[in-house]
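What follows is chain A paired twice: with chain B in the first complex and chain C in the second.
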Partner chain A sequence: MNILVCVKRVPAPGAKINVTEDGLSVDSAHLGFTTSPHEECALEEAVQISERDGGEVTVLTLGPVEAEEQLRYGASVGAHHIILVPTDGSAWDPQRTAAALTTAIEQAEQANGQPFDLILFGNESADSGGFQVGVRVALKLGRPSVNAIKGIDPGDGSVIARREIDGGFEVYEVPTPAVLGIKEGINLPRYPTMKGRLASKKATLETAEIAAEPGGQALIRLHRPPEQASTTEILGTDETAAVRIVDILEEIGVLA
Partner chain B sequence: MSDFPTSAKVVVIGAGIVGNCLVGHLARLGWTDIVLIEKGPLPNPGGSTGHASNFIFPVDHNKEMALLGVQSANQYRDMNLSVDSGGIEVARTQERMNELDRRMTSAMAWGVPAEMLTPAEVKELVPFINDEVILGGFHCPTVSVVDSLETGTVMRKEAQDKAGLQVFANTEVLDLITEDDPVPGMSQIKAVVTDKGTIEAEYVAIACGVWSNRIANMADTYIPLVPAVHQMADVGPMDVLVETNNEIGYPIVRDMDTFCYERQSAGSMEVGSYGHRAILHHPDEIPSNEEAALSPTEMPFTQDDFDPQMETAIELMDMLGDAEIKYAINGLLSLTPDAMPCLGELPDVRNLWSAAAVWVKEGPGMAQVVAEWMTYGYPRVIDPHASDISRFYPDELSDEHIWARADEHFIKTYGIVHPSEQWESRRGLKESSLKAITDAAGAEYFTARVWERPHWYTSNADLVERYGLSEREVEWDNRWWSPIIDAEHLNLRENAGMVDLTAFQIFDLEGPGAVAFAEYLSVNKVDKAVGTSTYTPWLTPDGGFHSDLTMLRLGEEHIRVVTGAFDGGRDEAWIKKYMPTDGSVTFTNHTEDYVTIGLWGPNAPAILAQLTDADLSHEGSPYGSVRSVTVAGVDVDIFRISYVGDTGWEIYIPWNDAPAVWEAIASAGADHGLRPCGAGVYAVGGRIEKGYRLMGAELESEYNPVEAGLARPKVKAADFIGKQAYLAAREAGPDAVMCTFAVEDHTDSAGRQRFIQAGNAPILTNDGERITDSHGRVSVVTTAGNAPSYGKYLCLGYLPTDQAEIGNTFKVMYMNELFPVTVVATTGSAFDPDDSRLKG
Partner chain C sequence: MSLLVVLEHDRGKWVEANDEALTAARKLASDMGVELHAALVGVGARDLVSQAATGGAAVVHLCEHEVLTDYGPDAVGETVAQLVASINPSAITAVGTSRGNEVLAQLAARADLPFVANCMTVAPSDGPWSMTRVQWGGSLLEDATLDAPTKVLSFGHHSVVAEVADAPGAGEVREFAPALDPAMAATIVRDRDVQTAGVTLSTAPVVISGGRGVGSAEGFDQLEELAELLGGRVGCSRAVTNLGWRNHTDQVGQTGTRIAPEIYIATGISGAIQHWVGAMASKRILAINTDAEANMVTKADYAVIADLHKVVPAITAEIRRRQG
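Moving on, here comes the complex of A and B:
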């Protein structure tokens, strides 16, 4: 089973994200970059399937040239091929992104002489969170698509895909080739090993220059959410704190 | 906030390992009313302490770093916050094996247990190492791993309990308030402005790690350090490590030739690198705690820089290759222009102190240094002259300088650095007006801090053959050396030599209080007739050496201080710290107003006589006298003195007239065998055979003039800094005595002739045992060099008094081999002990 995983270069989480003065982009001065967590899980799932059942894994990203870092990361954890669809570094809207990705996928499949059995997206990106690109690509390619997937069992000519819902799972049998949106939690992605990292440096970076028209969705302004005020109360440093602790446990309903 | 203090005796800024240990040591020394301010949260504010690898290799060639490393390791041990993991430096090349032999020698000097291991022996201790890629290892069982964050907490708590320390975390310093000081060019610290309020403070200490200079800038002063990246990756887990069930169960391995270390951290291995390009940051590029994904000083990992190190790490330990990289950072630490810390009072802001550019491995010891300095006027635990922040000249206090030097020396962190190694970057900062002339004579320049000094002249190469000299057999001994030095030396003794001494630091003290103030600084009497000079120590309050220099009485109210280029900054700061604030003394730095030319040798009087009508006889120009005369039509001061042991003068010439005077002397000396002569003779060969002491080598604050053989028969009536301690030292007699040793046999075990390079080679008993005096001070070589006129290779060093007798034999360890030496002089000179040549 050959699998394509589409990933996105996003700021590493954990830090306060500053917005540039014009309000149109994220100030990356202090930021490291990573792959969206859902996509890390998609990649891990693809690599596990290929390790178990054979087939090859390709990682593709659309982004600035620096996104090669995320592709090499993919290679370092087991992807066989890496493809960059370079942009000028500006943010592309979902329609434009989907259009370019679709063309890139078609080109890759043409070169391979066969379609990818599975195309995996993260359920949504970690930065803009539009939930759109995977669905739009599936529509353009005319392939079935299911989102929020937390389990995949490959079969012959189809896959079983599970989506978590309240109290259980929805189970889909999806004919391949298909497009799935993967959710974090499907697995625990591995870290690259040193040898994996060194091997990734030897992976051949394929580049697909693709022009695509903007889709009409424009970013007007980024706002930082209001700071969440939190207060810390020191309940005491000796046994006298016990009374206050009991009060609070009662307040929050832990103690009746 | 109502409980925020409005005043304090001392405010310490920064609660990393240094600031915490500083408040702890201040409390131990009896200080109270201390406030500790930290911008970040506690216990881990986000500075370099929080991500340090926390291990201490207690061996260093540098005395300050080695002894403060040991001192720090012991402080961590005393708090039970330390584990002796042991450590091994492995060598992949023969050159590194030689360096490990040198490490063995330094371990012996500083009393650190160590042994050399074969590859198989390394593998016994570290079973997962690939012993096929190494030639051997240097094993140090007392390498320790410490808990620097908890140590900080414990020290802070101690200060809270002992001294009522007040601690304010999450408090940002916004400004430092200073006031003008009566001494021109100086200010004094008054208050610290924070986002919680302003604290008036008598003392302020900056212990802000990579941010230190940003804070110093608030007081219009400068701490020369740059935040630099040290990359570290945590890989694992690995069964062999997990099975130890320990934070650290295997020795730390330093893979010196690849500039990496492997340090177990529970089930994982931390692989750290000093092998990547120097990655430097401006403090303003460091994110705040909020903006940082991990912490401000754990910056995003730049993987490409680390890749080459991973390949070599896997070569050494194959298991690393299959382990996952769980955590990897570009960790920030502090680098300075000369790879030494920045300790002490800022020379231009009274009572503002720096405790910066200190790593975890020296943190507690260096905090103790600063605390003692603030308490006693100078530290007691060690002489920190090489870490003293006042050592820097203005040319060293710029981003351009720090970045260039840090860029150059980062790769030397695990490098093999020759004791005489010269900088490549930022040369030519200070050059003599003689430069064109010395260039033409083929000068090879060495630096004395910012100053360029001719070390020898290739135009004298012909003298090598004349005196039958040759290169040294082993490249290491020959590096940064030339037989031309010895040839210039012999020619000076036979004929005459002319030395460019432009790097002399020349300070004038003038005014009605000048002489009294000069007396207060000096052990020896300065208040003598106009036209005389005084060679004198300046002591610390405890009676050890702070400085060793010459003072000239140029007028009734005019004293000129002449000191060496390595000490100009420290001596200027010492003057300004103590000079009267009533305006009775003015200070002027004349270093760049005068060029000094040294002219010495038996033919020196005949040469100079051709250029002046002045009386150059011992009556007209007696030893130690200063005379204003005309030489070659230029008004100069001639100072009859010698640091090389032959008769002659230091000639002080107005800066722009110096080339003409040099050329005139050269012409006059043409028929007298005069040659230019470099600092190789002036600073080493000439002085060592005369036993002349050098500040920073023989003379340190740990020793007093009685021990150095520089005590005069009587003590002057006037008071001076360190007088009480000096009187007590005279009463007690010396505990150690400075001696000159001759090397009796240079042959090593391979049959090669070796020549001890200066740099703390231990002086041992004939049985190879370390020698310490009753103060615990160890006998090491303070200067080593050839003495061509004496005919032997000499070393200087202290011996306990009862062993300091001419004819006693010892061994000097060099490159982990023992060479026999004999004491040939104690207080006097090996060569011409009667000083007959000075009288010529």
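Moving on, here comes the complex of A and C:
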């Protein structure tokens, strides 16, 4: 089974997210970058399937040239091929992103002479959270898609996909080639080994320059939600604070 | 002219998110000065017409087809796309649950329209609309514009407080039979695997979480013991999930579970913004941390600046002492 995983490079903020002066992006001056968590799990799932059942894993990202870092990371944890669709670094809207990704996927499939059996997306990107790029790509390619997947069991000509619902799972049997939106928790992503890191330096980066028209959604300004004003009551600096804590638990009625 | 709200159901069972959807849609329809229509799709939908009317729908489009035996993103998405092509509403909305966002994404892709997910407020106008939407799971907000002949947008789940309609809508039922390719049955739910959960993380009255500061998987035993005494559930941070100490089902935060307990006890957790957005709906927060400057501490209602390995067993002992 050959699997394509589409990932997004996002900043990794800590206690606060700061916005640049023009309001158009997260101020990442002092931040590291990472792969959006759902996609990190999608990649791990693809690598596990390829290790078990054979086939190759390709990681593709649309983003600034610096996103090569996330592609190399993908190679260090087991991806066989890495493809970058470079942007100028500005945030692309979902329609534009989906159009460019579709073209890139069509080109890769043409070069391979066959479609990817599975294309995995994160259920939503960690930053802009548009909840739609995977679905748009699936429809442009004429393939079925299901989101919120937390379990994949590959079969012959189809996959069993488990979707998380309140208190359990829905089970789908999706014919391949197909597109799935993956959620964190489907697995525990591995850390790269030293050998993986070395191999990733040698992985060949393919670049696909693709132009696409902006869609109808435009970003005007990012801002932080109003903070809830809070004062913290310090109950103590050692275990004797337990008495006050249990008083509070009694007061609010959670202690019978 | 109309606003179409796409409602959800679980094999004929009304879902709570519909009350939010109708609350947001009533206001939007009134701001737009148009009639509110609702779409109900698939087996069991017929039983919910009166609830949609009670929620203010003037017209309920009942969409049935033999392929629609249960939820399926392609089949439901195509059904809504055909309904939209037939009745031509000015805008289509839903609540941004997994299904709500998925169906609107399907609709938007099929109709080649933009789709703005998880809005908090929406200002309709004759030109492009303005909205404020959620980024980073709620840690950041985005002012955006939507320029399209037909507007497609969802409201963020839990960003609207459900209210009862002042007056019910007429609830006139219009049947709509989509033309669906039987191949769409491929992505209809085949089966369900329901787990008996008891109190879940999202409904527990008390949640006691541990972060990296807990130090090991075994370190969570003391949190389990306390949670049991309080009838609560144990949660954790992503650092803990990544270390393999706890299952992801216990993770609180942007990519985990959103909780809203009476009290949240966060031990050994620094309070990164992605953790905080999952915990901020808690009624009260108690942070136990060795670092007085930790974000979790400065944002909490109560804090103890000490080693959790001493404080947590002391709480358990104090409860046992009082219970005799």
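Here, the second predicted complex is superposed on the first by the 241 of 256 C-alpha atoms of A that agree within 3 Å, B and C clash if a C-alpha of one lies under 4 Å from a C-alpha of the other, contacts with A are read in each partner's own complex, and residues count from 1 in each chain.
One rule holds in what follows: a contact is a pair of C-beta atoms (placed from the backbone, for glycine too) under 8 Å apart; a residue touches a chain by one contact, two chains touch by 3 or more.
Just so you know, these numbers come straight off a predicted model, no measurement behind them.
Visitor: When the two structures are laid over each other on chain A, which of chain B and chain C touches more residues of chain A?
Guide: After superposing on chain A, more of chain A is contacted by C.
Visitor: In the overlay, answer first, second, both or neither for which of chain B and chain C A:A29 touches.
Guide: Only chain B is touched by A:A29; chain C is not.
Visitor: Just chain B (first), just chain C (second), both, or neither: which does A:K16 touch?
Guide: Both partners.
Visitor: Quick one: classify A:L205 as touching chain B (first), chain C (second), both or neither.
Guide: neither
Visitor: For A:A111, decide between first (touching chain B), second (touching chain C), both and neither.
Guide: A:A111 sits against neither chain B nor chain C.
Visitor: When the two structures are overlaid on chain A, which partner does A:K195 contact: first (chain B), second (chain C), both, or neither?
Guide: A:K195 sits against chain B, while chain C stays out of touch.
Visitor: Per the contact definition in the header, classify A:V65: touching chain B only (first), chain C only (second), both, or neither.
Guide: Touch status of A:V65: no partner.
Visitor: Pick one for A:D238: touches chain B only (first), chain C only (second), both, or neither.
Guide: Second partner only, chain C.
Visitor: Is there a shared patch on chain A that both chain B and chain C touch, and which residues make it up?
Guide: Common interface on chain A, chain B vs chain C: 13-16.
Visitor: Under the touch definition given earlier, write down the residues of chain A that touch chain C in their complex.
Guide: It comes out as residues 13-17, 19, 26, 37-38, 93-95, 98, 124, 126-132, 135-136, 138-140, 144-148, 162-165, 167-175, 183-185, 188-189, 215-225, 228, 230, 232-243, 245-246, 248-249, 252-256.
Visitor: Mind listing the chain C positions that touch chain A in their complex?
Guide: 71-74, 77, 96, 98, 101-102, 104-106, 108-110, 113-118, 130, 134-148, 154, 186-197, 200, 205-206, 230-232, 238, 241-242, 244, 247-249, 251, 254-256, 262-263, 270-274, 280, 283-284, 286-287, 292, 295, 297-306, 310-311, 313-315, 317-319, 322
Visitor: In the complex formed with chain B, which residues of chain A make contact?
Guide: 12-16, 18, 29-33, 69, 190-195, 197-198, 201
Visitor: Okay, in this complex, where on chain B does chain A touch?
Guide: 235, 285, 287-288, 290-294, 299-301, 303, 307, 310-311, 313-314, 320-326
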